[in-house]
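First the structure, which I've put down as structure tokens, then a few questions once you've had a look.
Letters A, B, C and D mark the chains as written, and numbering starts fresh at 1 in each.
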Amino acid sequence: MTSGIYYSDYLQLDKITGAQELESEKHGHPAHDEMLFIITHQAYELWFKQILFELQSILDVFGDPILEDKKMGQVIHRLARIKSIQYVLIQQIDIIETMTPLDFMEFRDYLVPASGFQSVQFKQIEILLGIKRDYRINADKEFFHSRLSSADLQFLNELERKPSLLELTDRWLERMPFLEFHEFEFWKEYDLAVNKMLDSDTQIIKSNPTLTDREKQFQLNDLLMTRTRFESLLDRTKFEELRKAGEFRLSHGGFLSALFINLFRDEPMLYSPFRYLTLLLDIDELFTNWRQRHAMMVQRMLGTKIGTGGSSGHDYLSATTQQNRVFLDLFKLSTFLIPRADLPELPDELRRSLGFFFHGKKP
Amino acid sequence: MTSGIYYSDYLQLDKITGAQELESEKHGHPAHDEMLFIITHQAYELWFKQILFELQSILDVFGDPILEDKKMGQVIHRLARIKSIQYVLIQQIDIIETMTPLDFMEFRDYLVPASGFQSVQFKQIEILLGIKRDYRINADKEFFHSRLSSADLQFLNELERKPSLLELTDRWLERMPFLEFHEFEFWKEYDLAVNKMLDSDTQIIKSNPTLTDREKQFQLNDLLMTRTRFESLLDRTKFEELRKAGEFRLSHGGFLSALFINLFRDEPMLYSPFRYLTLLLDIDELFTNWRQRHAMMVQRMLGTKIGTGGSSGHDYLSATTQQNRVFLDLFKLSTFLIPRADLPELPDELRRSLGFFFHGKKP
Amino acid sequence: MTSGIYYSDYLQLDKITGAQELESEKHGHPAHDEMLFIITHQAYELWFKQILFELQSILDVFGDPILEDKKMGQVIHRLARIKSIQYVLIQQIDIIETMTPLDFMEFRDYLVPASGFQSVQFKQIEILLGIKRDYRINADKEFFHSRLSSADLQFLNELERKPSLLELTDRWLERMPFLEFHEFEFWKEYDLAVNKMLDSDTQIIKSNPTLTDREKQFQLNDLLMTRTRFESLLDRTKFEELRKAGEFRLSHGGFLSALFINLFRDEPMLYSPFRYLTLLLDIDELFTNWRQRHAMMVQRMLGTKIGTGGSSGHDYLSATTQQNRVFLDLFKLSTFLIPRADLPELPDELRRSLGFFFHGKKP
Amino acid sequence: MTSGIYYSDYLQLDKITGAQELESEKHGHPAHDEMLFIITHQAYELWFKQILFELQSILDVFGDPILEDKKMGQVIHRLARIKSIQYVLIQQIDIIETMTPLDFMEFRDYLVPASGFQSVQFKQIEILLGIKRDYRINADKEFFHSRLSSADLQFLNELERKPSLLELTDRWLERMPFLEFHEFEFWKEYDLAVNKMLDSDTQIIKSNPTLTDREKQFQLNDLLMTRTRFESLLDRTKFEELRKAGEFRLSHGGFLSALFINLFRDEPMLYSPFRYLTLLLDIDELFTNWRQRHAMMVQRMLGTKIGTGGSSGHDYLSATTQQNRVFLDLFKLSTFLIPRADLPELPDELRRSLGFFFHGKKP
């Protein structure tokens, strides 16, 4: 037990609240709003550190080939924590938007060429989640070389060699036990159910009285594409081709497991895996929200001007918003769902192994 | 398959957007802000309907003596949905607060004696959760008789006879299987661990150099009370006495089960029960937030004036905020936790029955 | 004074909470989540009604050639109210996202071809703000003809003939008194200041040691475009050409006034106009946020499937998010700001006419 | 123009993200959630610094006997910024609530006797706003002596000697020009209007068919108290007596000015003062929300245990929530409003001096 620990020492507040030096002041033209600019960015970096701390602990769990069952609840808890931090990251944009473009102009030039792009922690989060070099937009790839210090660049390069959460999740999904089990039969029956559903959708479009012929044709083509996609879903070779083309990031086995979990999420044993996948999807959505809000804020602040780091601001951010979707595959699962009523029956043995009881009987 | 269903017919928008009649207009003094007043209350009532719909489906599950394991995921999902609605209920207060007190005065008198107190759906939510007559403040009890139509009163009275979510949750907790199992031994060892912890706390206070003697005495008394409470926790007779005095609403067995679930929440089998209890606690907290925001809004609107229903407004609302805490017991659980390191070991057999596996081995 | 008004009668709750009929139930397959789907949409429609009510009152004020000064505070207050409603519209997406894709599938087919696109009130809001036919994406134009009832179509067509808030705001900006005043001189001096600033920016880029030659070229080109845009800003003919090409929606005079207000917003007399313009910009931003969240939610729900109304869902919504920016001009103002220090001095006479006093002297 | 400024240097990230040392680690029992505990508190302190920075700039403006009109817009803007920060402070509670009581227990004892109470910056905010020693609850007064280092204590004591925002606002209100102007006449007519309104309220209560006799009596007594309060409002001596008794913090003249601004807020010249007062009220409300959320979070974490600083946690925080309301007077204004229709006419000369024009005529 320590004696006499004091609040400001414990939190090292001398560092935290002593780390704000205004460039505008150094240049003899103190700009009131630069303080807000600094503190907002520092608050972001604090939260990035926390996200990284949680993320690393999750990667440690998933990096272990034997995933201890007790750990899954913890992982889920920590992902939910990351979500709660993301809500604050988004809310903080409302604060920065109280800075008007005219106020920003008073110190903006002093910051050139520093840029939010240079946030190593944010890049680190992206890489740990799964946004590695190959997935980045070209501007981003270039910036890695031209804007980062060589130490930062090297640090991030090494990070890219480690497996990301996307990769570890894929491996975990691939080795799911219930898919080896009677696998062939299940997906064969699923195929039948899918075809039944698509035939029905075709009828819906054809008999829709409010559509023009041109619209019907458009939609039937769309449906044809869906049918083709389903074929790729159930054919490993075709799936892996699409994957190479950038359509999917998960492996064929991983994607099918994720789909299975979504279809049978009410089975108690799949409850945690379903919640895990849903949280990954939520986190992807919240980062996208944040990027969208960020891009809009920059448009508000700069109009069509270039950013302090020399990027074209709003356009660059909009592009990364589209591209940097780590878990987009989980959104795409919806394409391949079929209604519960059409789902093939699970074999009894498998169903039993998915269930457990907490309702008044001894287990 | 239906043909030709139209958006506005499906949603019955003629009713929804045709149900706003301004009393101020009828009286020849149209007040612009009365529209906001009506629509905000109607939006609340829509969401109350949705909350009731979810709540009823949850009560149906818990009312069944055999709680099907597949249903637990659904219950949790729907409680989380209620939370998401509560966030909107709270957010809506920001809207109503754009009405200034002066604007409210322009139509307030026309509404007398109507009052938000008369929201039958809200009373219904309270009753289904577990705020029955006996737990209400006196003003509330009186209002039931004087402010509600006899039809509404009778409806609510009948509702009170049915078991509430609090009661059904208590019964479910009481029949938890893992507590019958070796029960006596576990709580005996827990008692030992508690005493060890309290002895340590006593030392912490005594050796705290920053406390005055008076403060130390105050805190040691506080600790003595805690020790007494722990004794009541582990003694059914004492616990039930406190319960009669209003200190607890859960039964002794129910409270111990809830505590056990919180202590061993990392065991996979307790994951869902833990999440269920946490959601009840969240919902209680969010309703309390909403009541607090509501009370503040009324203070802002009326100062110290009486409300349209004749209640003393802010004071009445503040009182119900304190009193109407359905799941306060779940907050009180924290009083009785001990650090993980001090927890007694669970017997192997019990531990095994709490675990299941989803990590690459066949179960 | 009325006697005996009752809460549920006043709010016509029989209509409000009696307007939920599940299509899935009619078809004999009741789907629990359809209730949520209906109620969420109804809550949206209630709030759309409130937004329209506020918007119409604002249009009435701006439609009057003499804008009474007392009314400006009211207009600002009501725009702020619309913002507070928009926050709830966005928050409500969290509720609808508690519906999983699989749950949606249970009743989705029963709703075909109804679609959120058919919300007449939302189209009305768009039109009143200023998104008229010409500005819509092609899919949207087509949908007007194929998806709306002829009564709804006619109603919206008539609405398009009335001046929108964008148009009325433009007229109000054009007749701003302080721009006629010494106008020529001010913009001439502004031109000089601009050129000084752009010359400085050129130096910044050229001397930035972290940029590659290619990047420098890219940014210098960007700057050249900015210079061209500034030339268009100060040349009515060029500006109107760009406007015809869709670059701007405000007239030359309106745009310059808006810029002037942003530059001299600290002058007390420009305080209200500045706040008015900022609120329009906020509202545009919040609708865009809402559209982005909406598009994401649809992606989550449908993947790449078509929507119930036959639209391609996520893609359609993403397209309208880009296109339906009513007050994008106000974001573009930032492009044309120059630092306060470089601003030309206002003539004394003009400055005096912009000021008033509330600081302890008799006015 | 600087060359080569780097993001991480500019933000001094070595300090910001290098200031987290876990006490639990030092004691050999690393507790994962202590990181969250530290970072959350550090984020709070960053934002406190920003609030203080804005607050100080506002105090500088109001401390000047001549309040430059250009400054008022700036003050309002910065108060709105403080509000946007407060929303983040509140949102951050959702993050800390992802720490469960059991997780907190793993490191809680290592922190004794440090306590959030020792946040000097937060105390500073309270004092600058107007919560000085005399207004604090007794526990708070004691804590100042026993828990703060002597340097911190001295710093805060000196701060108390300077005028707070409450005091400066009161002085500014007192010297409002339009109240000297015909003051006597206005409040005399107001008195008449008030009596008319109260007579009408008496009738409303007496003729309310839904009230029992007992309730009527209760409400008539309440009305009598209101009448007495109105008498105090218009009688300087009585008002100052109530002020001494703690009922009001503003002076008689200040309170009347605030009331006048609320009554005639639509007059353009009162628009900024009205917005200023509303923002003070909002800020008071948001700090109260934050305290309430904080108190609830502590209840959740500790149940009825004592806090690390030796305070009784939830009870202490609830008490300060009630007591530390700086601008409660502004809420109380609503008590003294009368409907617009009953308001006495303003003399033409005064009305003219309150108006200005921005609607198409030359000023």
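Rule of thumb we're sticking to: a residue touches a chain if its C-beta (ideal position, glycine included) is under 8 Å from a C-beta of that chain, and two chains touch if they have at least 3 such contacts.
Bear in mind that the values here come from a model prediction, so they are computed numbers and not experimental data.
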Pair joined by more contacting C-beta pairs (A-C or C-D): A-C
So which chain is farthest from chain A, going by the mean of the CA atoms in each chain? D
Which whole number of Å gives the spacing of the CA centres of chain B and chain C? 39
With chain centres taken as the means of their Cα atoms, state the distance from chain A to chain C in Å. 29
Gap in Å, rounded to a whole number, between the CA centres of chain D and chain C: 33
Each of the following residues of chain A touches two or more other chains, namely 1, 4, 109, 112-113, 204, 210, 265
So, in the complex, the side of chain B touching chain A is made of residues 1, 3-4, 65-70, 72-74, 175-177, 181, 204, 207, 209-210, 265-269, 271-274, 353, 355-363
Of all residues in chain B, which touch chain C in the complex? 1-2, 4-8, 10-13, 15-21, 23, 27, 32, 35-36, 38-39, 41-43, 45-47, 49-50, 53, 57, 77, 80-81, 84-85, 87-88, 91-92, 94-95, 97-98, 109-121, 149, 152
Under the touch definition given earlier, write down the residues of chain B that touch chain D in their complex. 29, 100-102, 105-106, 109, 112-113, 142, 146-147, 200, 204-205, 208, 210-212, 215, 219, 222-223, 226, 229, 262-263, 265, 281, 285, 288-289, 292-293, 296, 299-306, 310, 312, 331-341
